[in-house]
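Order as written gives the chain letters A, B, C and D; numbering starts at 1 within each chain.
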Amino acid sequence: MAILALLLIPLLASAVTVGMRNPRRMELVYLISAAGSFGAAVWLVAEVLRNGTVSWGDGFLYADHLSALVAVLTAFVYLVTAPYAVGYFRQDEQQQTFGEAGNGRISRAKLRKYYALTPLFGFSMFLVAVSNNLGMLWVAVEGTTLASIFLVTFYGRPTSLEAAWKYAVLGGVGLSMALFGTVLTYYAAHQVLGGEGLSMLNWSVLAPSAGQFDKPVMRLAFILVLLGYGTKAGLAPMHTWKPDAYGEAPAPVGALMATAVLNCAIYALARFYVLTTRSLGPQFASQLLILFGLLSIGIAVPFILVQRSYRRLLAYSSIDHGGIMVLGLGFGGAFGALGMLLHMTFHSVTKPLLFFCAGNAQQHTGSDSIKKGPGGLLHALPVSAPMFLLAALAITGTPPFSMFLSEFTVLRAGFAAQRTVAVILFVAFVVAVFCGFIYHITQLIFGAPSGLPRGESSRWKTYPVIALALIVIVLGFWLPAPVYSLVNGAARILAEQP
Amino acid sequence: MWPTRELYTAGLLVYALGIAGALAGYAAKRTRRWLPGLLCAVSLLGALLEFGASLTALFVRTELSWTLASGVPYLRYTVRLDPLSAYFNLALSLLAASVSVYSAGYIGRSSVRKSPGLFCALLNLLLLSLTLVFTASNILFFLIVWELTAVAAYFLVVFDHESAEARKGGLLYLLMSRGGTGMLLIGFLLLASAAGSMDFAALHGIGQQLPPALAAIAFLLLFLGFGVKAGIIPVHIWLPAAHPVAPSNISALMSGILIKAGIYGMARVFFDFYGTVPVWAGMTVLVVGVVSGLLGVLYALMEHDLKRLLAYHSIENIGIILMGFGSALLFRSFGHPQLAALALVAGLFHTLNHGVFKCLLFLGAGGVVHATHTRNMEEMGGLIRRMPSSALYFLIGAIAISGLPPLNGFVSEWFTYQALLAGFGATPALTRMAFPIAGALLALTAALAAACFVKAFGITFLALPRSERAENAQEVPLLMRSGMAILAVACVLLGLGATWFLPVFDPITQGIFGVAISPDLVAGNGLLLTAGSTGRGSVSTVVIALALVALGAIPLLLWLVWGRKSARLSGPTWDCGLPGLTAENEYTATAFSKPLRMIFAALFRPRREIQTEFEVSAYYPTAIHFESEIKPTFETHVYEPLRELVLSLASRMRRVQAGSIHVYLTYVFITLILLLIFGARG
Amino acid sequence: MFWQDPQFGERLITMMAALVLVLQIMMVAQRGLVTNIRAFGLQSFLLAAIAATIAHFNHAPHIYVVAALTLIFKAILLPLVLERLVAKIEIRLEIEPFLNVPVSVIVSGFLTLLGYVVAESFHRPEEAGPASLGHNTLAVAIALFLIGFFMMINRRKALTQVLALLCLENGLFLAAISLTFGMPLIVEAGIFFDVLVATLLLAILIYRIRETFDSMDVSRLSRLKG
Amino acid sequence: MMERILTVLAQIVLVLFLSPLITGFSRTWKARLQTRRGPGIFQPYRDLAKLLRKGMVIPDTASWVFGATPYVLFSTTLLAGLLIPTVSAQAPLSAFGGVLAVVYLLALGRFFLALGGLDTGSSFGGLGSSREMTISAIAEPALMLAVFTVAIGAGSTNLSTVAQAALGQSWRFLAPSQMLAFAALFIVLIAETGRIPVDNPATHLELTMIHEAMILEYSGPYLALIEWSAAMKQLVLMTLLVNVFIPFGLSAGWSAITVLSLILFVVKLLFLAATVVLMETTNAKLRLFRVPELLAVAFILSAMALISTFLF
């Protein structure tokens, strides 16, 4: 039931919103859907923690610890984004960003686009999390792309069109590869299990017998899946769409994409990783994942060191963190998977905070430029600016914030796997990213007042920031037991060798 | 039963309370006048509790430890107050107490008065995290509080963030500190993966069990990583950038104890985690110590920014401490636990001593800067008449840091000399020459330090004021003076009472080398300090102090006999016949250090520019414009090119993101083809 | 009867797969946009035929559905939509590739070779059935996929890129259908739906790009850098 | 105990009253070498007595540091004198501070003297302080290395032990290491006591003066104390040199035979002083920036001494 509720609530909200005219009502439906989805996700988590797995429809929908984790993280981001988005778009309305002075028709259409598409976006992400069928998984991942293309073009600027085009085309190519990989996996399973029908692509069916899958096929399949979902996750060198799309999308969309979508893509990859390691042993998948992980972290470094826009800075940080998760998975072992999933969890909490602060700054100053930007934001935004700095510290893995814990876990996994060179590169990259990030953000935040008006524009935009900041701080010191047991259960799924 | 555990825990809680209270005060918007005082009193209370805990832990030799869970199994908040931790915690709490007293007077008057709540929160956070750094007993927990310290200190440095200098210095500090933490991460994890545990207790002597190559890598990484924080050359450049720009009470804490966190880490790693290290390791530490000491003081001499001068002296003193540590490592390698203990005591004692007098000097400098609104010594002068107490305290600090008897600096340097002297006889051929050379360079360092503090004190406090600001300076309030007084007294007590203090080191050396050293170092009913035995050399600061006073009676006597009736006039200083002596006639700080600038020109590469304006002939100039500048070698020759290189590489790399979808597709395509070939191959 | 002889079926499929490949290379080689669209339609039709053949010889009725879907959507509907779009936005009807035709064809040849190299590892003559069938068709499928990919890189205009993307997906389809007799039906339906929606969305994007930039050349969309 | 106090008093008297004699002897001997008549060798006593009785002028820019300086300088130098063996190998306070304490006590005095120079506010004071601190700093490594050579040889930094060890092997001063160390310390002696070629105690030319520039503003009893301290410092350093390297005639304890030792001691000192004066008269003063080269030579000599100790 929880699974169905999780899927139906956003779908319903989207359907209802399409017919609406009053933006305030759209907001209300949106907020309710967010709260409802989160409730459903928590419910799902509770069931999973109690029963181990939950499934529906003959195993078509299926949730284990891993699914529940991804679902609840998505729902969490969805939840915190909701009030923020309300405040964000209200300010857009006020500032007449949509380029009209008249009766508000354009802005109504725009808002409807957001309030209808975002639940759909959420729906497809939930579907990713709870699809047992690898084919449906692919369909759902593709669905996230489709639902978000027009969220990227939201502002209708030429650059946002450009970004959307790159996003769509690269996403299309990438997902084709993922589909190819899925087909090959199906083929490998087909040879072993023989039977036909829907359940033949169910992960829960494939996983136990993955050990007998044909090895060359699985090699090829994993390569294609890695490239495919890797494109979606923004692993280098398939990452190129990311800064454009994240930079051009409205801040709430950016937050969703940078966390929830990333989680979904990595999740899909992880599912295939399990099949591959069971078939081929850990070596093959690990070396590829480590390669791509390091490449992603490394490619983020120069762009973070030299950067003009703080929105794009966030995008590169997202590439960096995707790389860290993949690296953790690649290191393998008990700590590798745990590190990756902890990182996913903490990243999902921290990144939205960063996006919200950046969004507030951008709306306040009217620019996302670091260099030409006013500096001294601390004077203008008494809440968002310090939180921006706090979030920047948190996202770069500064203790006591929790990202340090997960990065440390990944490192430990690296040592356990005796990948010393990779570990050293990892640390060097992370330090360099820290340098670039902090340099830019402090340049933006600190300094003499720049003549901007002082004050936050709305509580809708500051309360989520404060709430998230509190969560980030608390998580730094104390991880609630259910969260840890969820993460740990999920990690065991990934690390377990039958 | 001594309540060590209760005191320690209560101290932590009081600091935490301080943070919470200060934040509440910050959130309450309205700043009340009593708020800073109250918050500083909280810090003081915390410091006193910690002081009590450390003292009981050291003298009663109780070890305490407790653990809290975090929700993640391998992150345990384990603290352990073993002798080494307790010693550093003792130093911290002593300085924290005096800085708290000072701050109560300082905060309301300085640039931080706009939000004292936030400042005090950060101050308490710094104290709390430092306490935990010294007591954390789990790698992960240690690293967390380690970075927390850096972050708290960073925010304190950039508290006045409208100043570009503060931002720059703070940023440099934070970035370099992170680089150091990166090295620590790798180093610690190398050790931890050998031990299979992250608990410090399990890491004891783990260095021996690692393969030699890995042990060497871990050693160097940890040395360099902790070295960044300690400010060893060549990773010192953040120190002169960040320490001067921080509020003065923070500078005092940073130079006094924050950089000692690096020393603590080294002590922990060198002597606890590593047992006997190869000879090159000890030699590296010794050489780095000598170089840091010498270069640190040479750069200090060239400064006329009072606080930066002090910052460079921190580098110098870290060097002296490392000479002790390096000797201890070498002695251990050659199997002389007794000597190793002596050298370690020298290093550790100097750690505390430097903390005390450097903190004192920074607090004094803070008072001066507060009174004159400048850090430039060339605009000071004559302050001894306007700020007599501050001047006295500063002078005590200056004498102590110059290593002059009978104050504490002399004692620890004396031990260092003794350790180095003993090294010649205790080590084989090639190694042994290093010791006397190090000793000679230590002598040079100390003498240059004395020269530097003659300059620092003389130019700042003596003769005529060089600017209107110095003219109008006023003595700092009582609380600030009290903070300094505590430390000045500590300088004297640690100097004169060294023999009674030395037993503190017994549990430490007992734990590390199995030798309780203080019975050997003290003779003559606690009157004499010896170098292991009376025969090897001894000194008594108490007798020296008493004798100096007693011998001072001789001239007094002579004066009473002969000179009493003679006139004692006050008159103008001879002004070479010019109309009246002005501040322009005085020697400047730059002029004072000129001979050394010339002598060490190869190092400083001074650039000077003189422009003379004249109307009739060059012999009758109307104005002379003089500019002199030295190049900070490491900044210009190492870090600047490195930065340029990285940034230009990064800019080149950025072309990857060319903007063209076709290029992007090509990346994916090529990756696909390569992987397909790779996948098909086997 | 020969139409029940699996051997014949195999030959037939291989032949048609080869034709698909030839069509693909033709598309690489020639410059007319509309011809290209029609070639794509033809290719999709052949795929539908392959699907139907497989369904027939392997008695897998659900593949008929797949064949029908392919026929309707890919062979008829999509070409129509695309031609309509071409007419609406009045672009120049010539394709302007980055590499000239001979070079492009040579590259395609190499990619075909690569397809065979990769598929080689699947070749297990001792096994009958889909495994050995797979070897040849899989090679073609991989080649189709790679050539489609190459076309995306080699084409400047937005519309031609979409077309290339669709070709690439045809390769995928061929692989799916020949290796495993298609995916489970629901999945297949979902995939169809996604592809269709994706194409539509891309078409809308193309339209708006045309409106905004007054050009179809996506290589000019390069303001976002760094 | 009583004996200990008596020896302390004896050495105080010895240091206080012998030091002007060496200075007087040097001046007279120098005058003779320059074929002048010069003052008598007791002139310094007369000077001191006179100065002590005169009134003094304190610069009105000066603070208490100016007044404290002569006292500190006097006490530290005198105390240093009590730490070294003069006529007996058993220096009265030797146990309370070895050679390191001697060096650092002199440094403490110098520290205050330099502050006193700066306190007047005149350019001369600053000039003198700056040069004094510079020269002493760069003399330090050579001094310390030479001291180390001696201390390592004796296995102690305690000067009485060192002297006793030296007494044990009377011809040791002919060993190459001893010769080299002696030469190094001799150079340091010249630098530290402000003699030509490093400084000229008789000049008041601003280009060249070091010590005299620092004390330019001192007058009356203060000047007397400073001059006296300078003489004592010279005595301390010379004693160090002669008793460590040429320990003939040192008596092991304090007894009647010590009188004989005293005579020998004075003779040795006068001999050394004569050598210094000879150096002074035969050399021209070095430029300030040539002094480091001289001291570098001293450093190298010490290092060679150290090496040769264990080579030969």
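Annotations for the structure displayed:
In the analysis below, a residue touches a chain if its C-beta (ideal position, glycine included) is under 8 Å from a C-beta of that chain, and two chains touch if they have at least 3 such contacts.
Quick caveat, the model's predicted, so the values are computed rather than measured.
The chains in contact with chain A as well as with chain B are C.
The largest tally of C-beta contacts between two chains is found for B-D. Chain centres computed from CA atoms place D at the largest separation from chain A.
Centre-to-centre spacing of chain A and chain C amounts to 31 Å, using the average Cα coordinate of each chain. As a whole-number value, the distance joining the C-alpha centres of chain A and chain D reads 78 Å. Computed centre separation for the pair chain B/chain C is 70 angstrom, with centres defined by C-alpha atoms. Chain geometry summary: the mean Cα position of chain B and that of chain D are 35 Å apart.
Residues of chain C in contact with two or more other chains: 118, 121, 149, 152, 161, 218, 221-224, 226.
Taken residue by residue, chain A touches two or more other chains at 165-166, 169, 173, 216, 219-220, 243, 303, 306, whereas all remaining positions touch fewer.
Among all residues of chain B, those that touch two or more other chains are 654, 657, 661, 665, 668, 672, 676, 679-680. Of all possible chain pairs, those that touch are A-B, A-C, B-C, B-D. Within the complex formed with chain B, the residues of chain C that make contact are 98, 114, 117-118, 120-121, 142, 146, 149-150, 152-153, 156, 161, 218-219, 221-226. Listed in rising order, the residues of chain C touching chain A in the complex are 60, 118, 121-122, 130-131, 134, 145, 149, 152, 158, 161, 165, 168-169, 172, 175-176, 179-181, 183-188, 190-191, 193-194, 197-198, 201-202, 205, 208-209, 212-213, 218, 221-224, 226. The residues of chain B lying in touch with chain D in their complex are 382, 384-385, 391, 395, 399, 402-405, 410, 414, 417-418, 421, 424-425, 432-433, 436-437, 439-444, 446-448, 450-451, 453-455, 457-459, 461-464, 524, 527-528, 531, 534-540, 543-544, 547-549, 551-552, 554-556, 558-559, 562-563, 566-576, 581, 583, 585-588, 591-596, 598-599. The touching residues of chain B, when paired with chain C in their complex, are 654, 657-662, 665-666, 668-669, 672-673, 676-677, 679-680. Remark: chain B residues 70-72, 74-75, 140, 143-148, 151, 158, 161-162, 164, 167, 171, 174-175, 178-179, 181-183, 185-186, 189-190, 192-193, 646-647, 649-654, 656-657, 661, 663-665, 667-668, 671-672, 675-676, 678-680 touch chain A in the complex.
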